[in-house]
Every structure is written in structure tokens, then in C-alpha cells.
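Chain naming follows the written order as A, B, C and D, and within any one chain the residues start at number 1.
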Amino acid sequence: MPLQQVAPVLSNIQIAEGIFLLTLESKEIAQLARPGQFVNIRSTDGSLPFLRRPFSISHVHEDSIDLMFNIVGQGTRMMASRRVGDTLDVLGPLGKPFGYEAHFETAILVGGGLGVAPFPLLTRYLKKHSKKITTFLGARTSRHIVSTNLENIQIATDDGSSGFHGTVVSSLESYWGSHALPGPKIFGCGPTPMLRALSETAQKLHIACELSLEGDMACGVGLCQGCPVETTKGERKYALVCIEGPTFNCNDIILR
Amino acid sequence: MVKESFTLRGVEFKNRVLVASGTFGYGNEVKELVDVNLLGGICTKSLSWKPRDGNPPRRIVETPSGMLNSIGLANVGVEYFIREKLPYLRTVETVIIANIAASSLQEYGDVLSLLEKQEGIDGYEINVSCPNVKEGGLSFGTDCAKTKEITASLRRRTEKPLIIKLTPNVTHISEFARAVQEAGADAISVINTVVGMAVDIHKKKPKLSTVTGGLSGPAIKPIALAKVYEAAQVVSIPIIGIGGIMTAEDALEFLLVGATAVQVGTANFIDPSTGVKVAEGMRSYAERYGVSDLGQLVGAMESNKEFSVLQSWL
Amino acid sequence: MVKESFTLRGVEFKNRVLVASGTFGYGNEVKELVDVNLLGGICTKSLSWKPRDGNPPRRIVETPSGMLNSIGLANVGVEYFIREKLPYLRTVETVIIANIAASSLQEYGDVLSLLEKQEGIDGYEINVSCPNVKEGGLSFGTDCAKTKEITASLRRRTEKPLIIKLTPNVTHISEFARAVQEAGADAISVINTVVGMAVDIHKKKPKLSTVTGGLSGPAIKPIALAKVYEAAQVVSIPIIGIGGIMTAEDALEFLLVGATAVQVGTANFIDPSTGVKVAEGMRSYAERYGVSDLGQLVGAMESNKEFSVLQSWL
Amino acid sequence: MPLQQVAPVLSNIQIAEGIFLLTLESKEIAQLARPGQFVNIRSTDGSLPFLRRPFSISHVHEDSIDLMFNIVGQGTRMMASRRVGDTLDVLGPLGKPFGYEAHFETAILVGGGLGVAPFPLLTRYLKKHSKKITTFLGARTSRHIVSTNLENIQIATDDGSSGFHGTVVSSLESYWGSHALPGPKIFGCGPTPMLRALSETAQKLHIACELSLEGDMACGVGLCQGCPVETTKGERKYALVCIEGPTFNCNDIILR
């Protein structure tokens, strides 16, 4: 059950090149949030943008939540300019959490760029459920890597400045060839092209795989029908990312 | 105590703020966030005979103070609606308006007649901004004769309130307003979305999969007000004002130019309780200005008639 | 070096960004703030035969991401223009387009013919969003036959570029585009302002003295793009895209949907050098994407034709 | 000749109930500005409003200018939220200055509410030209009075909490009856109803009177024709407040 709140900014700091960690006070959302869920944010003053913007809940504390973002447009620029004491209007937690309780032994977390955002909270829940964890992170360069509160990290960078030189999905494939990851399940998050590649890899390697999708949203709560993703399920052509996702079994959807 | 209610063909609305079709799902999506019983009414997502998948993504684009949508009337279809959605709506203590979309005169009639047999529907709103499949896909709503024909035909099938929702994408909306009044409509909703588009200059493609879509939100409020005002000059049936309403002040502008009630659309995506807040704010305004019945504000704008003819000397 | 220029009936424009009529005065007001020689062209404030006082205040209302105006075509009149304003414009190294507004066919012709005798006017843009006094004040621009008649009649009077500026306040702008092309126009400007209004809920009066006015600014950009796109489907003469352009990205959207050039309007009120910056930004875009001639972008949007018919399934 | 600049905020403080004094760095505008001129302001980030907002230049320093405002809507709310180090986009100085050099002996400054804004700079110039000065200020209550850098102040408040109990115009009339102000000229600024009353008083008492008008503007530089004021001059019905004003001889205009 989501809430709508005016949440004070507790801190807003740059944690890697162009990447911000924003902590918002909200005991209620912190308590309700499950990994993979998101909040929908707008400004409380007159500043742009017009619609809310969705962000994964990255981590939660006693009475606050962390969001991780980089500046891509009006919304994230507005968020980056918020200082301690300012407020943001938050709607959440929204969406279907990751299936962290399912029957598996090793969680393989695969994050491309800001796709790492939901992993700190997911890691906490996986540990609580005594799952083994290996985390694959992909970033442009070593300066774009965020790895706090994660476990067993394998890094890939586009420019080879740290870890594997290449995409995060190829780093997973190469690792898989030489390491045993018993009872695996992939949890993927990142840009759509990366998720598409990850989905193919998972199917090829016969690993269960859940993806958290990005995509345009207007409402985030199922009112507008604005966030379709094509399904493989037959009876309905599209599912709604905001309420039936953002996490989906990779076999249930078609990413274009 | 301010009188907020109004009546349409015997159906009483507890206040003058409804939520607009396509912007409030089937009413149950946000029941935990909003007390929907405080709304004057709920217009359902447009219902067609068969379920509709809707358009491929991308369906939504933000624009300055507004958004474009090309949902493609994605909906569960009237049968599923009756089976799965209507039971909840029956428990809600507000007026339920079934919005109907169709691609032929026949389909409009079929959907309405099936709904007529159900408990829990208080009235109909007819979305005529739909392609007329027989006539090559041109919208029914931009064809005055067709709009009138749909109205007359549906009028024969129901004694419940029949509201025709007009498109703004015509030269003279007043012609359409007059035509549907003549054909027996109980009210008109003004406006549906304005045709618009946006382009991704990097991909050199339209942002929406369907090239053009419907513009809504505060950006269109001035247009919507002018359309309501134009329609109000020629019809005596109630007008429901729609377009860019975010606040009670916005809603009051619509009442003053001649709307009997309003619908809140896009604002629900930003704050699903906008409708409730707008109703509240209208009450405060009435109290502040000593207005005992919000109905007194309908069309109460003083205006300099001398200038209406100058409309185009911009 | 990116080729930025284009030619209209023998007149060369150094780049594809003009400033829109009524938003840049007579070109000399901001000469200290902007190097107007860097513009592709200047469209003058609409000129009528006699000077016009314009409408009473209030003439300007801000709206979400836009503004309403009801200036009432306040202008100095064509004779004063020729005597006092044109000498300066002759010294400017860019194309000068005289925009003409009138309340009768006769007046359009008289103004144009007087301007024909002067040095320094490179072409004409005809504002048809004016009330036709003979026909009770209804705008010429919403009457396709009248618009065509004005075009044909002015065509006979000039060999210079003749641009007809279309109003968006019609059901199918493509009909108007086709008609004026047939009547001999060299180009069309799309769009003029959209009819809109705003109400002061405390005074219970329209905010504008003339009740309705013209909406402009980013709010209408999606509408303007859709109108240019619609017109581009049916005409082969160049289209000048107008509506809500604030940045080079906005201008590029217009080129991609089919505009040969653009005009910057309301943005000049916020930053009078917007036009110059837009031209600059288009150059950078071309360089970045290796486009050697901006003309290659005109109508270069790939679009899914399959969906154009679905335009109204919103 | 006006300039367009991105000006850093040097300070932004509340100086009376709801009234802010904003100091912007701009050596160029500070040097060009004359009393009665204004600047047109917009935000440099993505915050509202859409159009610029006009504000009188209240005072100038070596390399900065002062503006005085209270919060009435989106634009002034945005301005009030600006802190030291933020920037604003400023266009100015604009408009026709007050006729402070004209042939007169005593300047009678009459300001209603924020109409006091241009008086500090006007006072400096009047003193430079060796004029005598008497300043009449009207405010809602004593808490709304701003009187720094002014001379010979007569206060009027709506609630009588300070000085004369009544409007600033009636306070002027009452003062006039019992004091000699040789070679007088009125400089008035404030809301339109007050200016209308002041204009009538000036005509009744046969005192020369210049008014600085408020009014809706879009461009502030003569491009839009959006700011007409009715003239008495005959040949033209309207003058433009932004370039032919904002200061006018009260006999030349009709305030409605």
C-alpha cells in the first residue's frame, strides 16, 4: 500500500562521477519498502518537471530511504539541486518487488550503470534469507562505480579502467565459464539494451532471471496505461510496468 | 454549508468534481491513496466491445506543462469490465459514468445496451474521438453529422444521463455542441485531448509510436476554457469542463465560463487525490465569497460582449 | 562548414531561423541586445493600412508554459512604417518579410501594393487570423475559400515571395495548406496562435479585455508540430514552422516533421537573442551528426505510416 | 542600453514582514542604472515562472544592485528561495528614469507598499542634484515599513500602528495643508488605485507629478505591445509602459 508524503532531504551527496545518493526522511516508506520497488518523485516547490519521476528504492534505514541517480534531464537536475532541509513529494513504495524469497541458492546480481540502484536493499533481503550472492557491476569507467553495501563484486568497465574490459553481461558470461554458482538466479537491472542481452544470456545458460525494467511512466500506479511492456503470455499483449512490474521474469516479456 | 451538488437527468452528483476517463483506471487502482467517495463522480476508462491491447510503446511523452498520450484506448472490454470491475464500483458511493469508445455506430450501441442491463452504472459518457473504421479512420468527433447520429441513436437506447464528450480539434465546437443538444444529449464534456506530437531529434523518429497523440494537462487549460466558453454561448444543457485542471482555482475558471461541473484528468497522475482537493478548495472559495450554492457560479463571468466578435484580432 | 541557407522564390535566407511577426517589433527595439544580422530573417509586426491602437489592457496573461495575448494588432500603419521603420530595416543584412493584416480583401491588396513600391522588403507574410469585417468578424483564416481568394489576389500583385500564415484553429489545416498552394503561395507559415482564455476568479472577469486571445509558447509546441506534419503530407511548397520554439532542439523537431525553416516568437520576450542561439545550436547539431546541409533534415523523420490513420485512437 | 546577464545572488534577506531585499552582482547594470528604471528577471535553472518579472532597481552599489519585493506568486516565490551563490538571469536597466534633474526644488516621494522600492536610488540622485526631499510612505502596519536610505520620512499605516492612520495619499494631503514644501514635484510609485488617488491629489493641488506604473509585461523591451497605458495625448491612444515609461507625467496618462 503506497503513501504520498512530503519528505525532507536528509542528505544529498555525490558518490561517484555524476552519481548522487539522496536520502529522504520517511519512516513509513522505509518500513514498507521491499527490494525492487520504486518511488515516484516530484518537486514540492514550483520547479519543473511536470510529471513525477520514478526511482528505485536503493536502500532503507530506520526512518529514511536512499535513492541513487545521475543527471539526465530536468527531473534529475532538480533533484540534484535539493539540499538538506528542502523537501520532495514522494509516492511509494510502488511496484512488485524482486522474488528474493524464491527457491534458489545463489543470487547473481547484474547491474548496468545506475542499474545498481536497487541492489543494496536487495542484498540485505537476500542475506536475511541466507542466499549466496555474487554481484556484477558494469560502468563506463572506474570513476562511475558504486559498490557500497554489496557483496562479492565483479566489476566490468567499458574502458577497462577497472576489472573486466567490456560489458557487464559479457563479464558474467566469462565468469560463468570458470566458476560454480550453485542454484543460480539472476536479478538484472539497467538500460533496456543491457537487459535484452542479459535476458538472452540467461536463456542460453538456462538460468532463472528476473529483470527490473526502466521505461516511461506517467502515474506509476496503474491509472494511465502509459507503461506497457510486451508479454509472451498470449492472452494479453502488454503488461503494465508500474504495477505488474517493474520486475518481471525474463521469459514473460519481450524487450524491444 | 455550501450546496455543492447538482443533478443531471435525475442523477444527483454530490459535488461538481469528477475524475476524467482514462486517468483514473476503473476506480480501484488508487483506493488506498484516495477516498473516492469524496468525488462527485468517476468516469471509467473508455470501454469498447472487445478488450483492446492499446498502442505499442512509447505511449507517453512529457511536454511543457503537459503530456502527450497515445494509449490506444487500451481497455479490458465491456464484458470483463462488468464481471471484474463493476462489482467494486457498485460499492463506491459516488456517481459512476461508463465512458464508451467504439469504431462503429453499431459498436457504440452494443456496448451501451449491454451496460444498460447492469446495476451500478449511473450514466454514460460517449468518447467520439475514435476513428470511424467505415470512413477510413477519420475521427467520428470531427464530423458533426456523425456525432449527431451517434447521439440520437444512443439516446433511443437509454433513459440514463447521456453525456457526449467533444473533441477540441474542430473549427467551431459550438456547432457540435448545438448538434448533440438537438439530438437529445443531456450534457457535453469539453474537451478531450488536443492533437499533438513530439520528435526525438537524435533517433529522427516521432516519440510516440503512433506519430501523433493527445495533448493534455495545464498547457491546454486556456484552450479548454475557450472551448467551454464557446459552447456555453449556444447550448442550454450542462457542460462538464475538462482540460488541465490542477487546482480549485482552475476548476472555478471553468464554472465561471459556463461549466456546470468539471473533470480532473492528467493531474491524477501527479496526485491521485487532486479531484478531492479541488472539491475541497471550491468549497473554501464559496465560503470565502459567501456563495451558498456553487451553481450560482456557473456562467457567472461578467464579460465584455463587445469584444467577442474581435476574437481573432490577436 | 554546414550549409544553412535556403532560397524562396529567388530570395536567399542565410539561415533557417526567422523571428516571428509581433514578437520582434520592427527589428530596431533590441538592436543593442542582439546582432540581428545573424538571423535568417525578420517578420515585421503585422501592418495594416491605418495605424491601429490595439486592444485595451489587459493584453498579456501568463499561462502554464505559455502566454495569451490580445494585442489587437496594434501597429503604426503601413505609411508610418515605410517612413520611420523601413529605413533602419534596409540597413540590416537579413531578409525582411513584411507581415500584413487587414480586415478586407481590398485592404490586404492596398497594403501590399504600397509596400511593393518600396525598397527593402524581400517578401510578404499574410496574417489571415484577422476578422473579416464584411462577414461579421469571423476570421478569414478559418474560411478556406476566403483564404484561397486572398492568396490568389495578392499573388497577382507581387513577384516577391508570398507566404500565407495559417491559423491552427481549424479542423484540417491540410485543406488550407493545399488551397493556398493552389492559389500560388510560395510558402506557408504554420502556426499562428491558438485561441484560448483565462479567467480572474476573484473579479469574475476574463483576464484579457477581449475575453479570448491567442495562446503561444512551449505549451503549443506539440500542437504546432502536429499541424506542420499534417500540412507537410499534402503540400510541396516550403513550410515555415512556428510555435513554442525556445531551443535548437525544438527547431530541429520542426525541420524533421517537414518545416524548411522556423520562426521564433514568444521566446524573444524571455531572451531576444533566442533566434540567434537557435541558429547556432542547429549548426552544432549538424556538425555533431555530420549533416552537411540543414536542408537534408527537412522532413527526414522516419515514421510509421501505418499509424497515421490511428491518429484519433487516443 | 540594456544588458542581459547571469547575475550571482550576493545576499537575499527579509527586511520587513514578508519583504525581501535581494542583492545581485552586476557592475555593468549598477553603473548604467538611473532611478525609476527596472530590471526583468527570470530563473537560470528550470524553475518557474515562464516569463520574466519586472522589478524596480531599488539601489545600486559599486558592483551590485538591490531589488525589493514581497511574495505574491510564482516568480517572487522563486526569487525568495534564491540563496547566496545562486544566480538569476537579469535584463536591464530598462525603461525611462524619473525626471530627477527637472526644474523643481522639493521632491515629494510618495510610495505605497512596495512602491518604496525605487526611492533609495532616487534619493541618492536627488541629493546629488541638491534637491530637498520629503518622503511619504504607506504600509499596512508598522511591520511592513522599509525606510532605509530615505530622507524626511512621513509614515502612514492602514491600521494606525505607526504614523498617520490612513492612506499615504491622505497623509500627504494632510501634511500639505500645514507645511511649506517650496517648488514641489511629486514622485509616486505603488499600486494603481493609489497612483490614481495621488494623481487626483496632485492635479487638485497643482503640483507636478511623475508616476512609476506597475502593470503586466511580457518582454519589457518594446517587442510585444503587451503593456499599454492610456494616454491623454490624442494622436495615440496608448503608450507602452516598458519603454515610454514606467515613469510618466501624471497629466499624460489615464489610469483605469
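By our rule, a residue touches a chain if its C-beta (ideal position, glycine included) is under 8 Å from a C-beta of that chain, and two chains touch if they have at least 3 such contacts.
Bear in mind the structure is a predicted one, so any value in this text is a computation, not a measurement.
Considering the contact criterion stated above, no chain is in touch with chain A and with chain D alike. Path length between chain B and chain D in the touching-chain graph (shortest route): 2. Note: the chain lying farthest from chain A is D, by mean C-alpha position.
Between chain B and chain C the centroid-to-centroid distance comes to 32 Å (mean Cα coordinates, whole Å).
Our note on geometry: chain A versus chain C, Cα centroid distance of 46 Å, whole angstroms. Mean C-alpha positions place chain A and chain B at a centre distance of 36 Å. Those residues of chain C in touch with two or more other chains are numbered 64-66, 69, 71, 217-218. Multi-chain contact residues, meaning those touching two or more other chains, occur in chain A at positions 49. In terms of inter-chain touching, the protein chains here make up one closed cycle, each touching precisely two others.
Contacts between chains, counted with the stated touch criterion, involve the pairs A-B, A-D, B-C, C-D. Those residues of chain B that touch chain C in the shared complex are 55, 63-66, 68-73, 129-131, 136-139, 141-142, 167, 169-172, 192-199, 201, 204-206, 209-215, 217-223, 225-226, 229, 244, 249, 252-253, 256-257, 285, 300-304, 307-314.
Note for the complex: chain A touches chain B at residues 1-4, 42, 49-52, 91, 215-219, 221-230, 236-238, 243, 256.
Put simply, chain D touches chain A in their complex at residues 45-49, 74, 77-78, 81. Within the complex formed with chain D, the residues of chain C that make contact are 22-25, 29-30, 32-33, 45, 51, 53-54, 56-62, 64-67, 69, 71, 74, 217-218, 266, 268-273.
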